[in-house]
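The structure appears below as structure tokens.
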Amino acid sequence: MAISPERFRKAASRASSGLILLGALLSVYLLQLKWSGPDFHTRLEWFSIEGLPRLTAGILLDDSAALMLVVVNIISFLVHTYSTAYMHDDPGYRRYFSFLGLFTFSMLGIVLADNLLVVFIFWELVGLSSYLLISHWYDKESAAKAAKKAFVVNRIGDVGFLTGLAVLWIQFKTFDLEALEALMANSSIQNGQWTSFLGYSLNADWLTIAGIGLFLGAMGKSAQFPLQVWLPDAMEGPTPVSALIHAATMVAAGVFLMARVFVLLDINALTFMAAIGAVTAFMGAVAALAQHDIKKVLAYSTISQLGYMLMGIGVGAYDAALFHLFTHAFFKACLFLAAGAVIYALHEYAHKTNAHFDAQDMRNMGGLRKRMPFTFFAYLVSTLALIGIPFFSGFLSKDAILSGAYAWADVMSQEALSWHYIIPDLGFFTVVLTAIYMFRQLFLVFFGKLRIASQDQQAGLQAVKEVPPVMRGVLVVLGVMSFGIIWSVNPFDQSYSWFLGTIEVPTIVSPGFVVDWQPRLIELSLRNHLEVMAISMAMIVAGGVVAWYLYRPGSKYERTYYKRPATMNKLQALSYNNWYLNDFFNVLVKKPVTAVAQGLTRVEKQVIDRAINAFAVINVIIAHAISWIDRAVVDGFVNFSVFFAGRVGVMTKSLQGGKIQSYILIAIMGMVLMILWIIW
Amino acid sequence: MLNDYLLSTLIFLPLTAAVIIALLPQPAKQFYKYIALFVCFVQLILAGVIYFGFNHNLQGVREIESFQYTEFTPWINFELASLGKLSANYFVGVDGLSVTMVLLSVVVLLIGVVSSWNITEKAKGYFSLYLVLNAAIIGCFVALDFLLFYLFFEFMLLPMYFLIGLWGGPRRDYASIKFFLYTLLGSVLILIVMIMLYLSVVDPAATAVELNLASNIENVSPDIVQQVQDMLLARQVPVENLVHTFNMVYMTDPGNYIPNSVMDVQVVRELLGQPARLLAFLLLFIGFAIKIPVVPVHTWLPDAHVEAPTPISVVLAGVLLKVGAYGLIRTGYLIIPDGAIHYAWWIGLFGVISIIYGAMCALASRDLKKLIAYSSVSHMGFVLLGLASLTSEGVSGAIYQMVSHGIISAALFLIAGVVYDRSHNRIIENYSGLASKMPKYSIFVIIFFFASMGLPGFSGFIAEVFVLLGSFSSSVVNGLIPRWMTILAATGLILSASYYLWTIQRMFFGQFFTKGPVEANSLTDINRREYLMFIPLFVLALLLGIFPGLILDLINQSVSLFVETVNNHEFKIPHNN
Amino acid sequence: MEEGLHHKLTGINSSLPYFLPEVILVGGIILIVFVGLFNIGKKELLMRVLAAVMLALVLYFDIRQWLHEDNVRQLFLDMVTLDRAAILWKILFGTGGLFTVLMGFKYRGWYDKSGEYYALMLSVVFGAHLVAMASNLLMIFIGIEVISISSYILTTFSFNKNSTEAGLKYLLFGAAASGVMIFGMSWLYAFTGSLAFTEQSFLEMLMKADALPLIIASLFVTAGLLFKISAAPMHIWAPDVYTSAPTPVVAFFSIVPKLAGFAILVRWMLVIKLFGFSPVDWAAVLAVVAMLTIAIGNFSALWQNNAKRMLAYSSIAHSGFLLIGLVAFSELAIQSLLFYAAIYILMNVAAFIYVSYLEREYNIINIKDYKGFVRTSPLIATVLVVIMISLTGLPPTAGFTAKLLIFSALWDGYAATDHTMMLYLLIFGLLNAVVSLFYYLKIPYFMIFKEGAHEGKAKKLYTIENFLGFFMVLALLILFFKPDGLMRMINSVSFAF
Amino acid sequence: MTIENYFILSAILFCIGMAVVITRKNAIVVLMGVELILNAANVNFVAISRLDNVQIEGQFFSLFVIVVAAAEAAVALAIILKVYKYYNTTNLNEINQLKG
């Protein structure tokens, strides 16, 4: 793509879309082949280091990977198609598509890799393409900064990932997932020592550290607390990118990774993950409440949903989490692309009316429902899916997670009241918040009047036009995927879902795991399904009511929204600023690092030289005589060792006073001293 | 026939060319660079011959007969009065540890010539000095005789001194003298150890000849060597028949040490209250650490880099720093493995400190070149950490990192050179939004910056990952490096991402403008010659990132023997509690 | 009585054939002084050729002795001992003398004094020959005084204010030093009743002597010898003399009298150490002296602006390095000392040749004046760089080999005796090699890095002394790559320990 | 008279000579101081030589010392004359152009 000449830009982008479509079709075919069949695994020898098992790289295709393949390919294809329209005037068009291609390639790499090292490689490449795509409009300072932030924050997670890899490596000397599973099953914990089949032994805590380390990688990529700060900023990238990378696929890679290594985790790591997931889900939802940027709301919502998924994995609801990953991929992509359509339309509008306003700020929107029906319906459908209304996909998957979480709390607390219940409770509470912020957005964007037009009287709502057919088509496809019926015959019960029916929860093999933990979870989650559904329905209704009350067209909020400052009170500020995490990072990490870095430079410059000077000061007797020579020293001999050497030199040559008798005296004194020294 | 003299050709070709350039009359000025280019190109071809003819299964390291392309010519032989004889030989050869370094140097030196294309001022001196430097570098990597190694090691200093001092930036005087003094200090420390070693080690083959056990050196069988060693241990060899040797391979064999000599392996001699061998290792370590450079003794590097002309920075970072690490491997680790094990913790610590400290300083640098220079400090820290771990992964990673850093840092300094050539200014704040003004250049910058921060797909990733894995598993395998060091070192990855990305953000992204003395119009995109330098480096970095086997296959056997040798050394470990 | 006299006369008579080089020297001195009386054209050249021929003859006979004499010979009633070590030293003196004579004497005064100049040169060489062979305290005294008195006069041969002042200082200091020395000798005579210091009885008597007087006496004598090698604390005369004397004389001073001092010190140390029974720990004393000398030489040289004065201090530092051989004092050490001495002659003379060439042709006196000289003559610049590297002791020059050997010897001495002083000296000496780089590098630094006024063609490049210097530099390089020959020559000298 | 008395005499002479050398400012007087030192040695040599009647080396030595001292004095006086021509003084404190 990058090397294709400018005039073929359209053709080239179509070709790449076509290729991805081909990929998508192939992946569907693969899914067909693979579905319920045995796992497909090939290995190629990659390279070797003497004395160690050979490093291999290969493809491991199991059900989840095959599904993920389809999701990635389809959404990527749709986004490619969408982008041909959305980006079509952009000067960086070719660059954009080549990076998009790079991204799709690396994402597929993550999905297919059979080897954690290879996963890590593609993991980084995905990060790179994310970096490049966020900074697509690199001349925007904020975009450049956001890209940097995304990469650096991800790096923090990567260090954890690497640590996890390193622990697995020293125990098992391999990164191959299947081999790891087998070896992990063969390792044992005795007296707090974790001994592997190969005979290496570590403190049992390292098993947890390995799990948490890998999870740290996922935290970075999937924007989990406290590393979620980069995702909202990443919205500086083009909207299709946000849809593909920062909503549907890349950020889900963390969840996917956790699913891949699920069997290797121990109970502490899982618990940690569940807690982090729940907290993130809650925090993301809160942060989404007070945003004004249409994409930021969605970004925080993504964070929140990713929190759900990781919580799902953490509570052992592996299948539910993956299920939510897939459903979420579609409806969130749909939401983003619809938001992109809105932005696109407003851009066109601004262009037409020569108005200057922020096309992403919801304060400028309103009433778009009438002019953009397609977009509105796509938005509506996927919003409903996100909130978890029955008949929509999100309902199925989210309820699966929640019931899993509830069952988990039961199991963990052994039916007694313990802190474990906070986790499903946070999950339920998030449902309320989700309903509130999504309805808020829906009302503010699509209902009421176009607020920017009320200020700019010349051209009203009429000037807003629906987006081109290509984009509309994409929205339709994605919108359809949000219906529950696609995923389950019985829209009220996810256990009827073909998805959950096929995906089996793998058995955790890490040593020290309670054997009946997983069966009990499944049993309990089947039992509490109805309660959970009831509660979450109640929550949604509550949320919907609150949202209607607060944000319905004509409400006080809606009327004053156009002129509304970013935040009105402390609580909103907390939400708007995403719990002040950025400042937290600044104060806790960035400032000290910068300070230390500058301090070290200063140390370089001053302290070392000063130390040498101080050393020289020991020669007090001669120091004064020397100072003027210091000033006279020119031409590059200004070096600290010269200070010292020079001082000695002046002392020695000052013996040379010019008076012959003092020469003799010095010689005699020298001899006398020597005699005294010998006699001593 | 060619194979017999391949390494010598590699060394003496540039020397000859340097003399030719020096003798050519002034009107032949424009040919100097072509001669230099031709010579480096021939070297590349010869190195290619070495690469493809290299037998992967021969280990070298401590087995004198499994070195390849060896050449042996007696050099200095005379009696040392009451101590026996002194023998230094012109003994060169490569094994897996050195062959990679030779390949790397040849490539980087060729790139260096290309990037010197615009040097017209005092071109004669420049190119002849460059070629002398070239010869010394190659010599360092192939020498198997300590004296020969030391000769080449010292011989690098002077050309470098002049190259920085004559063609450098405004503060070149200071930088060059600082460079010279620092490195000379280092080599003096190495000299002490060299004296200690050759007075303690005998050449069993030559001694056998002296003892009339064999007619000449070629006829000495392993049995005879064993016999000599037994006699040595039993103190049956008359003093006048001892042949003191500088042979670095013999120095790795405990059997060749004279009983009760200073470096003796059986009895721990003490110097200044310290076991002599440990002290010797320490001296070697400090000596080479200056060259690597390791943090407390690194301050010459930023100055030298900032002031050096671009091609010299390229060679300095690409190859010269590796000489330090290579020297440490070849001498410190192999000859004094007991010291290496004893000080492994400290070496690892200094590695980690270098990683973090270098990255911090890079973060605070305002000068692009200084930033890259400090990043070199940081990256060479990984080499040290990998070596300290003494695991296959770690050591392979360390050597891989040397190669990788050689390629990538060369490219980075070329990058800094591109801006400097055009605007004579390297202060990061003076630039913004170069991506719009110099798009192709920016692409290369981003590629190499990411390569340098260890992005997978590039060579640096493999290297750093294996260093980290190695140092992490060290705690289980041999218990040398604690795990927290690895985790700390891994945070260096975050820092490197921050300083590179911050630089990209400040210099290349955003609206285009320039400040200070920078002329906006002078900033033109890269030309064909610069492409010619960037593309091979890019291809190499990528190739090595995707097919690590290209290098690992060469070094595997040697590294495995190296690790085994050092870990299971038969030298008595001095315990001082 | 009669018989004794006869015996003595025949002894003297039979000694004469082995005294040929010295006889030639004396003859040469007389001849040159005689010819110098006539005022003829191109007198300097004639004198120079005459002196060179004489020295070449001396060298020839020295070398003949080297080739034919394998035994130790006591000559002139045991006043002098001719052994291979002495012959080797004599060869070095002859070579050094020849080199400096070839440098010429470029004084342009109202009256040509070259006759006296060369005659005095030869007499210094003569004194050095005597000293090298001396086996009697009287012989030491005479030899040293012959050297000294000639040197005093030579110092003034610049015929200017400074030169005369330096001559006076040199003389007063030297006179005091020799006074101290013979006072010490008189005490030794008192202990032993003999002046033949190499004899067994002398040693036995010394061992019986009281410690304190013995210490004082032997230190007094040693101090007189240290004066000749300009070692601390008896070095103070050197910088003044070296600065103001004519450059060839300085080159000469830094070689022949100094090495003569070492020649006798080696012999003297052997005696005074009393097989290790000496009350003085000579290794420690000399180590301190060596360290002081190195430090004073190096550190003072750092601040010198005058090239000659810098070289003067550098030669003091080199005395310190040579002293290391005496500190270690093993066979290896003395051989290394000889090697170092040989190399030192080469590099020092070469340095002075070019410094004096530049001084003469370009009036370059201060180091700053060297600015940009590389543009005038890259060849000379390169040669000077090599010389400076050699003086610093870096490869690929013989200066490195010399340092390597002498430090090896010191290390071996340390390993054998565990004398901590030696270790300190080793470390100190090596670190000082780094310090010395500072000032040695100054000349190349100014020559090459700095822009200067020098332009155009080199003047009078093709002179004998430039060629000589060039060959010396070549020799320095060759002796690095192949020191075997010289070393084998030195190896054939055996030292009884 | 025992031999010790000669030693004491010579020691005193030596010290006086040294003191003169160090303290007196006139170059010629300093030279005389040097002569005193030499004579101190001579006294020793001759005195000890008395114990050794066969070889009388000490006496020869002192003869040589006297001769050498004479030569030295001749040279010294010549140089001092020269110095006087340049400096118009023989005060050693003022003859210090060379230093450092």
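Just a few scattered comments:
The chains carry the letters A, B, C and D, assigned in the order they are written, with residues numbered from 1 in each.
By definition in this document, contacts are C-beta pairs under 8 Å (C-beta built on N, C-alpha and C of every residue); 3 or more make two chains touch, one makes a residue touch a chain.
In this text, all values refer to a predicted model and were calculated from it rather than measured experimentally.
Nearest to the overall CA centre, using the mean of each chain's CA atoms, is chain B. Note on chain placement: the centre of chain A and the centre of chain C lie 78 Å apart, centres being C-alpha means.
Centre-to-centre separation between chain A and chain D, using Cα means, comes to 95 Å.
In whole angstrom, the spacing between the mean C-alpha positions of chain B and chain D is 64. Centre-to-centre separation of chain C and chain D, using mean CA positions: 26 Å. The residues of chain B that reach two or more other chains are 173, 177, 181, listed in rising order.
Within chain A, residues 635-637, 641, 653, 656, 658, 660, 664 each touch two or more of the remaining chains. Residues of chain C found to touch two or more other chains are 168-169, 172, 176, 180, 239-240, 438, 445.
Of all possible chain pairings, those that touch are A-B, A-C, A-D, B-C, C-D. Chain B meets chain A in the complex at residues 173-174, 177-178, 181, 299, 357, 360-361, 363-365, 392-393, 396, 433, 435-436, 446, 450, 455-457, 461, 465-466, 468-469, 472-473, 475-477, 486-487, 490-491, 493-495, 497-498, 501-502, 504-505, 508-512, 547-549, 552-553, 556-557, 559-560, 563.
Taken in their complex, chain D has these residues touching chain A: 18, 21-23, 30, 92-93, 95-100.
Per the touch definition, chain C reaches chain A in the complex via residues 168-169, 172-173, 176-177, 180, 212, 215-216, 219-220, 223, 227, 232-234, 236-237, 239-240, 279-281, 285, 288, 295-296, 298-304, 313, 435, 438, 445, 450. Contact residues on chain A toward chain B in their complex (touch as defined above): 46-52, 117, 120-125, 128, 131-132, 135, 138-141, 143-145, 147-148, 151-152, 155-156, 158-159, 162-163, 165-167, 169-171, 200-202, 593-594, 596-598, 600-601, 604, 608, 635-639, 641. By the touch rule above, chain A contacts chain D in their complex via residues 653-654, 656-661, 664-665, 668.
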